[in-house]
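Every chain is named by a letter (A, B, C and D) in the order it is written, and numbering of its residues begins at 1.
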Amino acid sequence: MNFASDNWAGAAPSVMAALARHSTGSAPAYGNDAVTQGVIQQFRDLFETDVAVFFTGTGTAANALALTAYAKPGGIVFCHPEAHIQVDECGAAEFMTGGSKLVSVGGQVNGKITAEGLTDALAALPEGSVMHGQAAAVSITQASEHGTVYSLDEIRAIKAVAQSRNLPLHMDGARFANALVSLDVSPAEMTWKAGVDVLSFGGTKNGCWCAEAVVFFNPEAARSFEYLRKRAGHEFSKARFVSAQLEGYFENGNWLQTARHANAMASKLSAGIAAAGGRMAWPTQANEVFAIIRKAQADVLRKSGAVFHPWPEHAIPQDLKPSEEELCIRLVASFATEGSEIERFLSLL
Amino acid sequence: MNFASDNWAGAAPSVMAALARHSTGSAPAYGNDAVTQGVIQQFRDLFETDVAVFFTGTGTAANALALTAYAKPGGIVFCHPEAHIQVDECGAAEFMTGGSKLVSVGGQVNGKITAEGLTDALAALPEGSVMHGQAAAVSITQASEHGTVYSLDEIRAIKAVAQSRNLPLHMDGARFANALVSLDVSPAEMTWKAGVDVLSFGGTKNGCWCAEAVVFFNPEAARSFEYLRKRAGHEFSKARFVSAQLEGYFENGNWLQTARHANAMASKLSAGIAAAGGRMAWPTQANEVFAIIRKAQADVLRKSGAVFHPWPEHAIPQDLKPSEEELCIRLVASFATEGSEIERFLSLL
Amino acid sequence: MNFASDNWAGAAPSVMAALARHSTGSAPAYGNDAVTQGVIQQFRDLFETDVAVFFTGTGTAANALALTAYAKPGGIVFCHPEAHIQVDECGAAEFMTGGSKLVSVGGQVNGKITAEGLTDALAALPEGSVMHGQAAAVSITQASEHGTVYSLDEIRAIKAVAQSRNLPLHMDGARFANALVSLDVSPAEMTWKAGVDVLSFGGTKNGCWCAEAVVFFNPEAARSFEYLRKRAGHEFSKARFVSAQLEGYFENGNWLQTARHANAMASKLSAGIAAAGGRMAWPTQANEVFAIIRKAQADVLRKSGAVFHPWPEHAIPQDLKPSEEELCIRLVASFATEGSEIERFLSLL
Amino acid sequence: MNFASDNWAGAAPSVMAALARHSTGSAPAYGNDAVTQGVIQQFRDLFETDVAVFFTGTGTAANALALTAYAKPGGIVFCHPEAHIQVDECGAAEFMTGGSKLVSVGGQVNGKITAEGLTDALAALPEGSVMHGQAAAVSITQASEHGTVYSLDEIRAIKAVAQSRNLPLHMDGARFANALVSLDVSPAEMTWKAGVDVLSFGGTKNGCWCAEAVVFFNPEAARSFEYLRKRAGHEFSKARFVSAQLEGYFENGNWLQTARHANAMASKLSAGIAAAGGRMAWPTQANEVFAIIRKAQADVLRKSGAVFHPWPEHAIPQDLKPSEEELCIRLVASFATEGSEIERFLSLL
């Protein structure tokens, strides 16, 4: 009954198998090996376009470096107030970009920023005012930090606003696969066809050990990226150990299966909790459940071995705020979550 | 016959086995797991003192972050003109530290800086001159970039000079194990007992996929290090994948065996080349051979499938410079190098 | 009738006179001259304690460098959402500190943050959470960006909250003199006696050309400051040109007189506008007036030669928001504002 | 007899007069005033082309910001080992650019880098090698740190080498006027016509209080410069105080006269010292004299009130090194140096 986070899981079997398969023999370092080149081609096939792809070992690195590729002096990145880049990455984006400011967009709905909120935020930033700095990018997280998923229309609407100020749209896809199978669309549809310029493609939470990719849909924007990555210490010498993970991740559609499994487990959890009288702080659309339950229930669960984190209340919508007897908890399902864990959890409620 | 670099090898069997062993089951993220805690304790045992240890995925990250922990505004780091941090890391140390200057120390001998050279370099930097900036650290590479090894006396002498200006001594130990078995001393003797303050402990080149550690011998100096690492995107969520590698690396003294093997292979290569009339640009003391051979020989070797890199001549001592018909090549042995490769190589000379 | 900003004025006569007086003759560069040393002593006398003082040419430099002296990796500075450092300095604090995050404190009253708001903001930042980064400083602006002044009690209350997390309190004193004469207290009382750790002391807006000072009340905290300033290009070679300005600024209490004059002019404006039916968005407590008047009035004033800026409405308290026919304007009085300008302005209302 | 530095002088009379002239009355802040606009036009006239001009208060700021406009990740700037940016600016260029490396060019002659030396330095930096970083700019100082002046041919030859790698040529013109009158050419000839892309135009050392300008000969390269300058705290609010200085500096060719005077004073000193048996470490071509005299002479001079600095010996050409009884001293003449000072100095030799 471990629902602490999808990063508490280890590696999926196909990922480990690929790593083992490529662990022997000599291969050029720094990405000039066949495995890496093959996986880069897979990204092109997957996204149905010519992309520039660069691997990193952490999502924080992927996000911060992606934003650095578009950084400007006095640059401002617009994002959700609870975006991972805003509150969970120790200022990595600010540091890596040389001091950008991350401005939270108001008027969010279901853990997502809205085109209207972004319009307002941009309106408060006069164009060409040196004092205020300059808008540099818009970043959204798909699936969001609250377990919800932007629809293609929502992404397009945000892009339209960003486009009006010539701003690139970054997608933090730490849970890209979970969002993709939730929407049941293609990677191309959820990204460049909807207006995404650069993607942090996450593999770690969905079955890799540490495999993330920065994907540029306009390869020209990536022209200095290799230097950005290297100077930040994010180029692996034995690069094939990341690409091997992704090879195993992609083979036989494994990544979509693990994501579907995690989402299904979350849905089951969510439905079961609702049936037991719990409320959802945000709808369950991917592999994260934000449930408001009674504190007494949480105690019983914990004593029985369930592992999960409480969730801070300040972000919960006003009409859903927990009462004194209640508590918001986050439950995350992963590729490794078993149905029996869910059943036991629900039976304890 | 692949002698291109020790980072062209994959992972040692014990490393892969440990990774596989820990790939299932749930464990706290961000280093709060038992494997990580166990490996940290191993570092304390290994170095016979209370150390603060932080894992990273690349040596460049380890070096840059270690120096950042000691960074000062207008700070100057003294190092060898061919130090990895100076010429092979794309300015990572400069970037991460917020703009330090890396000053090359003159008067090197056998690929190593000397106490005398350091004394001269420091003399050219007036203390307390705001215009000049301020000395911040001294960095040496053990084994050096030229395949040689600092003796304990040499380290102590360099430390004495550094100490006279209150400068910490950093050791880039990308090939720490190779130096250690070459000197046949203990980790403690080669580090803090000789005056090293902070070590970049390398596992990658000697059998890991990507496992490096920053080791502080004065834990107080590490008090902000977790933040430094995180803000640079170098904290792995599934941290146990690095510690698992190191667990496999250390078990049964595997790391010392792989290093001894690599060094022995390099010695064999070096002796064989010398026997065949080649000269060494620098003595072979670890797992790298810098041999000056005839261009004709190099051609034959390459055609027969040998893989190696030519080495730039500017760093080669004046009295050893290659003639028009000669060429300096670098040959690196690793844990995976086989005796038969050496024999074939030598037979082709 | 120029009320655009106090930085549209030139230099006060005593400032120009001092500059002229010291413009001939040789004097050591970089602050080792007698004028500079004399002014530093004046700061010590003025603040009745041993302070470390460093001059800069802009308030943005003073603020950014002061915060850099207290910067931490992943550091977070708490300030008002309309603080100059937050919205008017093009990310200088973020850049100079190596990527700090500036977090706006909620629950402001009259353009000032409150102890309660700061308590809440700090509560949302768990101590010791590497992901979230770490609190580094609290910054207030005295007089505030909305023309109001923190009382000594308010400063003390904010300090108490900051102190509970060991955070230094920075005061952006771009309009320090205006606040000082408004409260009618001593410089010591308004700063270190109330808990201020570091002050950006502004001279420019109140009669200097370009003379600001970073004042550390704990000189130990300034130990690297000379290097921070130099590496940012903020050390003047002919340093006496800044100190000469301040010499002229301080002599015969000139700085207090110019501030009193500017405040009195603002009061007169504010009272006159209120008498003519205007409302104040925030009370007039220093030399800035934020008046809500009818658009028709603003048109008449502009046509008659009055110069002033409209003020964005998003920061105005809900119950005071301008109607469709109204407009919020900012009027700033300076040492050079003349009573006759005010009278003409009011007569045009 | 003060020859310590040209920055020990105050302000030239025409500079002070212009400052006084513009010290009253209201004018738009941040450079939108008539004086600033007028001086910008003067720069265009002076350089006979469309330039983008930005004022700063220090030469360190001008240099660091100019190089930042051309910065690249992992970027390398090539310069003289004694360049001001390399040894006298506390790492400002490294800091401002986000961690560039400043690489000293070998094979200098008379305090100047040579096209040959630059060719060699570039040859050691493989193009497209991510590990090595990337060449970003070449910087020369005119007049040089050793009091010599690059001929137009020398500048052109350096530019040709830089051009071969598409590198911009930066000129640190802290003593621009002194070099200009020494060569007796036009500002256009000494800059863009010879291949200079960006110039740090110095006014401070030659009669201003603090007035420097970054001049881009390709205005497109300056498109983000206002943001770069602001985020570094280098935009003055009362901007006219810098432009007023430059107005006074330029009027009636005052700047050329002060430079000619300083150069003539230096020539007189140099000739007199040579006549008295002194040697010159480098030829006297602008307003700085580097003389090797007997220590006994230096003592007499100092006791008689002469002020000057000793110069470190490590940079002095081998065949000119001072003997045990000798000492190298630097003597700097300025606009304020008087002939009688020189005469007294020489008489004391």
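FYI, a contact is a pair of C-beta atoms (placed from the backbone, for glycine too) under 8 Å apart; a residue touches a chain by one contact, two chains touch by 3 or more.
Bear in mind that the values here come from a model prediction, so they are computed numbers and not experimental data.
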Task: Kindly point out which of B-C, A-D or A-B repeats the C-D interface, defined as over half of the contact pairs being the same residue numbers.
output: A-B
Message: Let me check something: if the centre of a chain is the mean of its CA atoms, which chain is farthest from chain C?
response: B
Field: Intercentroid distance (Cα basis), chain D paired with chain A, Å
entry: 50
- prompt: Using the average of all C-alpha atoms in each chain as its centre, how far is it in Å between chain A and chain C?
  reply: 41
Statement: In whole angstrom, the CA-centroid distance of chain A from chain B equals 35
Message: Counting only residues that touch at least two other chains, what does the list for chain C look like?
response: 73-74, 89-91, 95-96, 98-99, 130-131, 133, 227, 230-231, 235
- request: Quick one: which bits of chain C touch chain B in the complex? Just the residue numbers, please.
  value: 30, 72-74, 98-99, 130-131, 133-134, 224, 226-228, 230-231, 235
Field: Footprint of chain C on chain D - complex, ascending
entry: 2, 4-5, 7-11, 16, 19-20, 22-29, 56-65, 89-92, 95-96, 204-205, 209-210, 227, 230-238, 240-241, 307, 336
- line: Given the complex, residues on chain A that touch chain C span 73-76, 87-91, 94-102, 124, 130-133, 312, 314
